[in-house]
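Note sheet for the following structure.
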Amino acid sequence: MDKKTGAYLCQGCGLGDALDIAALEKVAKAEFKLPVIKTHACLCGDEGVALIKADLEAGAVTLPVIGACSPRVMTDRFQFPNAQVLRANLREQVIWSHPAGDEDTQMLAEDMLRMAFTQATKLNAPTPWKEGEFATTLLVVGGGYAGLTAANEAVKAGHDVLLVEKSAQLGGSARGWTKVVPSDPPYREPQDNPLPALVAKVEANKAIRVARNATVTKTAGMPGKFQIELSDGSTHLVGAIVLATGSRPYDATKLGHLGYGASPDVITNVELEIKLASGKVTTKNGQAPKTVAFIQCAGSRDPAHLPYCSSVCCSVSLKQAIQLAKADPQTMVYIVYEEMRTPGQAEEFYRAAQDAGVIFMKGKANKVANGAGLTVTVADELLGQEVPLGPLDLVVLATGMVPNSTDVDAPAQEYGAELLNPDINPYPAADESYKPAPIVPTGGPILNLQYRQGPHLPMLADGFADSHYICFPYETRRTGIYACGPVRRPMDMAETADDARGAVLKAIQVIANAAEGASVHPRVGDLSYPKIGLSACTKCRRCTVECPFGAIDETEQDYPVVNPTRCRRCGTCMGACPVRTIAFDNYSVDMLSSMVKAVNIPDEFDEKPRILVIACENDAYPALDMAGIARHQYSAFVRILPVRCLGSMNLLLINDALSGGYDGVVLMGCKPGDDYQCHFVKGSAMAKERLSKIAETLKSMQLEPERVTMVEASIADSARLPKVIDELVATFDTIGPNPFKGL
Amino acid sequence: MNPKPQSQTVLVVGGGIGGISAALEAAETGCEVVLIEKGPSLGGRVAALNRYFPKMCHPTCGLEINFQRIKRNPRLKVFTMSEVTAITGGPGNFKATIVTRPRYVKPNCTACGDCAKVATSEVADAFNYGLGTVKAAYLPHAMAFPMRYVLAPEVAGTPEGQSIKAACKVGAIDLDEQPTHFDLSVGAVIWATGWQPYPATNLTAYRYDALADVITNVEMERLAAHDGPTKGQILRRSDGTPAKKVALIQCAGSRDLNHLPYCSRICCLASMKHALYVREQHPDAQVDIYYIDIRAHDKLEAFYRKLKADGQVRWLKSKPARIEPGADGRPVVCGENTLTREVYAEPYDLVVLATGMQPSAKPPMETAMDDYGFVVGHEGGVIGAGVATGPLDVSMSVQSATAAALGAVQAVRR
Amino acid sequence: MTAPTPSRTYDLSFARYVYDHIDGGQRLKLCMQCGACSGSCPIGTQMDHGPRKLFMMIRAGMKEAVLTSNTIWNCVSCYNCVVRCPRQVPITYILHDLSALAIEEGYAEAKKADNARFAKAFWWSATVFGRTDERLVTARYYFSSGLGEGIKKGMANQAIALAMVKTKRMHLGMPHKVKGVGELKAIVAKAAEIQARHGKEG
Amino acid sequence: MTRTLTYYPGCSSQASALHLDRSLRAILPVLGVELRDIEDWNCCGASVGHIEGGHLANAALSARNLANARAQGPEDVITPCAACYLNTHYVNESLRADAGLKADLNEALGAVGKSYDGSLHVRHVCEMLATDVGLEAIKAKVTKPLAGLKVAGYVGCQTVRPFADTERGNHFDRYDDPSFLDNFSRACGAEAVPFKRKTACCGGSISVMSPDKTLHLIKEILEEAKAAGADVISTPCPLCQTNVEMYQPMINQKFGTDFAIPVVFYSQLMAVAFGLDPIKDAALGMNIIKAPALAGR
């Protein structure tokens, strides 16, 4: 059925009074010759909606273009079964931001419609990618508490599981522990280790296939179609992957300054856990220790070792101290700490340890000496003096945790651009006292991803495979692969169990969406995906390198190949392509460029400059909407073009704008670099990068570089952006009109 | 083997970041979801936050994305102004009774604002924790979802109500709206009712009610917000002058057997964020942070280091004993610095009490809870999510909510 | 028995004695050193350590320093600290009992303390007459630090004494006495004996 | 309706706080409360008894009072003195909570054939007035409203802080900002001026033994009362009344101030408001600093 675009112009919310609607109709009729053009006093009302519905059902219209309020509102009202809808934002971004009945306001409204009508001509309904079979099995890597929980929970949700454990038996770090930190009220007593029961459950479950002494040697494919090869040679097809490789204790041999190695009676909290499990804690002379000191932050929160806080050490020491104190009330147990970290209900556990008679000393343990018994020299901040604590029978170092985001036993490999975020350094340059060396994980990749962008799952600067987003903790730069447990963030067992459930949910979610050819977060349900016209492709590799999610691989002939279910539909590839040969059914450089060109450019004598604002639709665009809601006014010379992400901004768009006579181009996007806020990881960073290269082009066009600029915009800038826009308009005015006008 | 569930629908109670996340994750995994929110718009506590630690990004950014996800998802239905008054049954087969309070504004509201133009009386601005007032016909805030006005009950039956009704060109005002009840049959219930700030008035020694320049951490968020009562300027409540010497008092209620026995987890980091707000506004500003233990877990330690590098931020290991009005009316913080043994009495322009979180609602059915009122476990009952299960930061709340979504999926799928 | 004297810092024998023998001592374990007590004390500035640090010193086994500290003698019994303590430690009672312990262990500083001398005079009146005779107690206290000191103090407070007499608020002549003084003495003696017995039991 | 309660006057009632005792014995019958003194009551040990006597011997003092009170009947024991209240209440409650202590004290009492079962409830006169009698009943008895009299309600620290590890171990009014005293003033028709140092400390017995350490505390209390424009300071506590009143000349001398603020008991205010005899019943003659604003009515 051929496309029939209809124009529906609303007169409500003051649109009828502020704008010359008849003139708007004329644009639709005279310039675009639309078959159906209708106006209504309140389009979003039942009557207005019915009007559009009727035309759709009668087949008079296939694609309604609604000139009314922002596409961010009334979405439910303007939703029609299997019909796409386009919106021209005449309310928030025209009459609420510009004077009513004004010539420039009217011109803006007309251009808004021109852009929308033009977009309509380029818009095609996306056909989802659903080639071949989609797998529903989950691969869980790591047979510790996180992995076991994940496997068990996935089965409860109706999915089969392939559980891969590197060692000979299941259980991981917590195997053999008798008691763990309490997670149940009243949070005062160490609890029984839930692990044994869980291991039994998993081993008994037919839906879980366990591969012991196994590692993943190859991970190819994409969500719904991951091809897995294990070290035992077996191959498997899985839909999604949960990475639950946990953590390992920080290497205590690096803690010589705390006496490790000086005496067998200086041990780590992990070594003490083993002694506790054996039911008999003794020192080298076979006696039960009468005096024990725990040293907190052994390695953690130390720039020379681990810059971060390992989170669980305080609670673990409390648990071990309580166990020792309960075993023999005469034992003198000390915990040397700098900050006691028992967040939430765990505060009760702190009190329980105090009740048990454990003594807490705030201060740094400066050295551990081994003479007649051990002596820990503590800079006791509360007594205000240096205290020699001793003689001690046992010193326990609360060593922190290191994430198993790599396989320490595997040979190191070229990491790939995405392994670390070299641009992200959470530690302030100003702090001379605290300069941690960047953590470069040793060992090789765990999943051995057969991706153009390298074999690793990307991780943060501290080595944890965590999300960089606060509101989206399971965000990942490798679609379909979700980390959980201590490999993601230092966490205790209770939180790990919760985290494993969360990761499983995301895994079964991506499986469901992949099978539908639909995108996952943040453009959930988007059925479009990038198609590459190889005939025009120059094999420049920009798309394969710049994709924030590593969705595009390369063939032997170096042609790009898209893995659709890895794709998150940001369009960064399309923005990167120098020959605009990458396009989505409903989003392309051609479409954006045509919309840019659709705007009427008055000649220079009219003194009506035109400025193109390319705005990120996640932050800048809503901010401009809110400026309208607050009735902040700004120049009516701007023409706002929303994009999925600034990453999809192709330089050719800027060329087209300038050669088309725009006097200036402004990019509005999210904060790049440290604490980047781009929801496609590096879209705005890429845009910035590309912009740095445009000076040349401009020179060749004899244009001033100031005509193109980038503005960092957050969603909270509704008051600021109008000012910024007016300032820029003034600047462009001083530069003077674009010589290409009217050519 | 459990009996087949009678309903595949998931009910999520609470429209804050926890509830929104749980509802979306379940809906995007294929479940029919009903999301119930007590207030007029979604977003809960985070909508009223200025920025998030440690990235200092704006919560509305994530909310915008979540709202887009909701708008796109036909499986997710949202009911605002609504509360769950009763729940019976068990997993696979719950019955829930929901009451919707009148909003006096129908769904055909276009948010044009004509009603607010004619409204004459003002009511306390709930979104700004009562720091200001709004017209009796108001939009909860600029980012409100749904983007729909509310009429204050106070004016519903008055002549003013009539004139407001008359001003609405689309006839969206219904002054006769009554509370409505409806029952839902659902397969799983996710309880994500979140938290409320511990009442600072209970901390009598800190004189919150008597001293204008003693405020709470949630109020600080509004003072710093661009759309707050002071347009983002951190000003003294007493005389509207900029606050350049600020005290941030930790554990105002938390870790205190006389108030909240548990640690509220987020206050230390929220206060560091507040220190940044102040420091960004005035290069000469001085911020003092009073604490017992600084609790910056995992990578958040980096945020702590960032603040430590600022010489204008002082760290005092001390739980202030009391706050007294100074001769010049400024609040004077009194206590003992436990590291120097000095007994201090320090005057400030502004004192911010880091009041903790307490659970805001109890499920209307037999539910396993701890002594503090947090939901624990979910065998056979509602599934706790977010801060309803304990004091959590935003990331951990979403993590907990995603886990809860799996619980719901399991319940309706089996 | 007397409280053990630790040989080294953070030997817990003294702390444990305090936990077990001091009124409210068990609760002392919960102190998290927040400083709310020392900050609440009306005359905290006049204390050498203040309750918060004193409690840390107890843990550190600094018996001598604790029992010779003026902190235990300067408590005005206002309970501000107890009201504010986030761990509900009965600080006032603990300080009271520590001062009693200091006397019991015969510390010279303890004997010299105003409070101790006042208490001596007070206890004398309370047990000899069964009632507090303010005039006699004050007089005895004044002179407990020697004749000269007593006269000086007396003079300093002459005006006050006069005013009290004028308003009939100073009882002159024979002190009020309970009828059953003998019985009271017997009860108090028995109690002291029981306390001593507990001391031995440890 | 009249109720009879067991009364523990405390040692100060026979000297420094004679006027508290006298005015109470005048107003309580008017409010329908008959007092029966504890037979042959003795000193409670105040805030220093434990020092010389030791913990248990000091507690034994209260134990004897309680034993005598119980022998008289099961009625609640009320006392007007903060120290008597804290000690007697604390011993009573500790003994109820701690079987060991109960045994010890009964062993001590046993030496003279006495015993105490812990069945009594020890309360402060003010608690009884505020909760049992009630403000309405007090208002009802006012014949000479203290109109125009500005009263600073100085509660003192101990009266609202009867700590003990039992359900009764809590306070009958707010720790930091109690309201009962201002309510009493208002009930009498007087104006309760805003007064922040309601529960500030007067130095207690330290003020008696070494005023040099604590005079500044009393000064702060007086300063604020003055700033608040109070005609009189009202207090329920014998030691507070004495310290804040008798040290004013010494304070003026030391700090060059000129305080002369009358310090009276709430019971004296009530006596006047009830139209009783200012001298015989209200015992206003016993205040060192006279209160014409009160006596002149």
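Each chain carries a letter (A, B, C and D) given by its place in the written order, and its residues are counted from 1.
One rule holds in what follows: contacts are C-beta pairs under 8 Å (C-beta built on N, C-alpha and C of every residue); 3 or more make two chains touch, one makes a residue touch a chain.
None of these values were measured; they are calculated from a predicted model.
Closest to the middle of the protein, by Cα centroid, lies chain B.
The geometric centre of subunit A is 66 Å away from that of subunit D, both derived from CA atoms.
Distance between chain centres (mean CA atoms), subunit A to subunit B: 23 Å. Rounded to whole angstrom, the centroid-to-centroid distance between subunit B and subunit C, based on C-alpha atoms, equals 49 Å.
Separating the CA-averaged centres of subunit B and subunit D is a span of 46 Å. Multi-chain contact residues of subunit D, defined as those touching 2 or more other chains: 175-176. Each of residues 340, 382 in subunit A touches at least two other chains. Touching of two or more other chains is recorded for residues 32-33, 53, 80, 83, 87 of subunit C. If each chain is drawn as a node and touching chains are joined, the picture fits none of the line, ring, star or complete shapes. Those chain pairs judged to touch are A-B, A-C, B-C, B-D, C-D.
Taken in their complex, subunit C has these residues touching subunit A: 8-12, 15-16, 19, 29-33, 53, 56-57, 59-60, 87. Subunit B contributes residues 205, 251, 255-259, 292, 317-322, 334-338, 341, 343 to its touches with subunit C in the complex. The touching residues of subunit A, counted against subunit C in their complex, run 332, 334, 340, 350-351, 354-355, 357, 359-362, 380, 382-383, 387-391. Those residues of subunit B whose C-beta lies close enough to touch subunit A in the complex are 17, 21, 24-25, 28-30, 50, 52, 54-66, 68-69, 71-74, 108, 110-112, 139, 142-143, 147, 169-170, 225-227, 231, 255, 261-265, 293-303, 305-306, 308-310, 317, 338-339, 341, 370-372, 374, 376-377, 390-392, 394-396, 398-400, 402-403, 405-407, 409-410, 413-414. Those residues of subunit C whose C-beta lies close enough to touch subunit D in the complex are 23, 42-43, 46, 74, 76-80, 82-83, 90, 92-93, 96-97, 99-100, 103-104, 114-120, 122-123, 125-127, 130-135, 138, 141, 159-160, 163-164, 166-171, 176, 178-180, 183-184, 186-192, 194-195, 198.
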